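Going by the order they are written in, the chains are A, B, C and D; count residues from 1 in each one.
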Amino acid sequence: MDQSIELEIPARPEYVALARLVVSSLASTRRDLADDRIDDLKVAVSEACTNAIEAHRSADSDDSVVVRCAEFDDRLEISIEDRGHGFDPESLPEHPPVTDPDRLNFERGLGIPLIRTLVDEVVIDSSGDGTSVRITMQCTPVDPLDIGGFQDTGSDGSEEPAP
Amino acid sequence: MDQSIELEIPARPEYVALARLVVSSLASTRRDLADDRIDDLKVAVSEACTNAIEAHRSADSDDSVVVRCAEFDDRLEISIEDRGHGFDPESLPEHPPVTDPDRLNFERGLGIPLIRTLVDEVVIDSSGDGTSVRITMQCTPVDPLDIGGFQDTGSDGSEEPAP
Amino acid sequence: MDLDLDVTEQNGVAVLAVKGEVDVYTAPRLREKLVELVTQGKHRIVVNLEGVEFLDSTGLGVLVGGLKRVRSHNGDLSLVCTQHRILKVFEITGLTKVFSIHDTVDAAVAA
Amino acid sequence: MDLDLDVTEQNGVAVLAVKGEVDVYTAPRLREKLVELVTQGKHRIVVNLEGVEFLDSTGLGVLVGGLKRVRSHNGDLSLVCTQHRILKVFEITGLTKVFSIHDTVDAAVAA
């Protein structure tokens, strides 16, 4: 994996912008990722870094958060790794429907749904020792038969409001 | 050193811009480093990364180059580390004077002199296992007695042509 | 990283123009400003997001918090936003149905 | 990262406008362009650096190489640069005494 770059940042809010900057600068040197997809990626990275920093804060950890970017011909893989106490991504609370007046009590819990909607694939690997969130952005169709249809799914899908 | 950030890049020319971007973004969030000093720092980091990449190329190494940035109240310390074969910074060839027609044969060898002139301090640590170039940029006067005079030296000095 | 917050008043409505990036680092300043406005008795607020270059769920949370706060005083908080990349995070999270979002400050103030 | 190279001709002088960042990644393209001009018999060259946002010693080396090449044909290569941060690297390395550096393309072409 000598094609990968790694950024280690202190687990503090002021460094999230740097993570976004590095990822978006890397993504924009590829000619095969559209600007609006780079914007999506920035939001996803920002959400994951924010959660990682929060996890270190609540675990009282001084460790760094690691952002790894691996470039492949057909995709960009970004992973955000922390050493917090972890969580179970399958059992996050559901939000009430937007019409429910209670919806206004949900100022949080929007991050993971945003990540899931904005990127092509996300794999969350979490244990008591920490969490790794691996985000994949497809850059060119993997299978030539999929040309067009494949990329449309990626960007149209992400503009639909989440259920 | 949990105040430090670390960037690991493949030892390839296309990543030097990313190293400059990270360092300058970090430097510009400090309000205590003037824009022209950030420009100086970018050149120095670019020179050191270029040398590190060249060192890996000639050592046929696939390892990454590491750029570390440590922030202190009064200074920024950037180190660029490679795993090339190293060199002796004390015995670099001298350039002929600029008036000498031979000067035109020196298309190279300008990097280390530039680094030395542009930054406040540079420590080169090199062995057969690799090289670390540590650059220091002072951000505020260390000694209150030096206020003014101290920072002037930094920027005036660097604008003088090297001997 | 900068976040500029600038408050003006238009027809008795407080217009808060936000410029820069709204994330976990800068959002607390936005929250404080909204709290301050409500404390000053400004319960009709328009937040102009046209100058926002980045906004993630931390920013959304702060805006939802602001809306809740003004509503508890029978007030309202609406948004001005035409930028696709910013609207997108409101759409995905269903918040386009929670906020009224306008194309111009004038339209938001008049609403 | 982009490097734009644009060649025009003015009074028989080739004017090469360089835009972007000149470093170890992009400098080879600048070198090729200079070699190409000399191969085409253009021995009077003005390199306009006004659009350059960054230049380090790799870029300096390429410009010195270009100067050497045109001089071997009794030609000349001069520069246009008024940006302080770019001039600085020429000054530190003593290259302000090697190149003639002008404020405008017209002045460089006329010289």
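Remarks
Throughout what follows, a contact is a pair of C-beta atoms (placed from the backbone, for glycine too) under 8 Å apart; a residue touches a chain by one contact, two chains touch by 3 or more.
It should be emphasised that the depicted structure is a prediction, and the values quoted were computed from it without experimental measurement.
With contact taken as defined at the outset, chain A and chain D are each touched by B. Among the other chains, the CA centroid farthest from that of chain B is the one of C. Inter-chain centre distance (chain A to chain B, centres taken as mean C-alpha positions): 33 Å.
Annotation: 43 Å between the Cα-based centres of chain B and chain C.
Centre to centre, using the average C-alpha position, chain A and chain C are separated by 24 Å. Contact with two or more other chains is made by residues 14, 17, 29 of chain B.
Of all residues in chain D, those touching 2 or more other chains are 1, listed in ascending order. Counting only pairs that meet the touch rule, the chains in contact are A-B, A-C, B-D. Of all residues in chain D, only 1, 21, 23-25, 54, 56-58, 60-62, 64-65, 67-68, 71, 84-85, 88-89, 91-98 touch chain B in the complex they form. By the touch rule above, chain A contacts chain C in their complex via residues 13-14, 16-17, 20, 36, 39-40, 42-43, 46-47, 50, 53-54, 95, 97-99, 103-108, 110-111, 113-114, 117-118, 158-162.
Residues of chain B touching chain A in their complex: 2-10, 14-15, 17-18, 21-22, 25-26, 29, 62-64.
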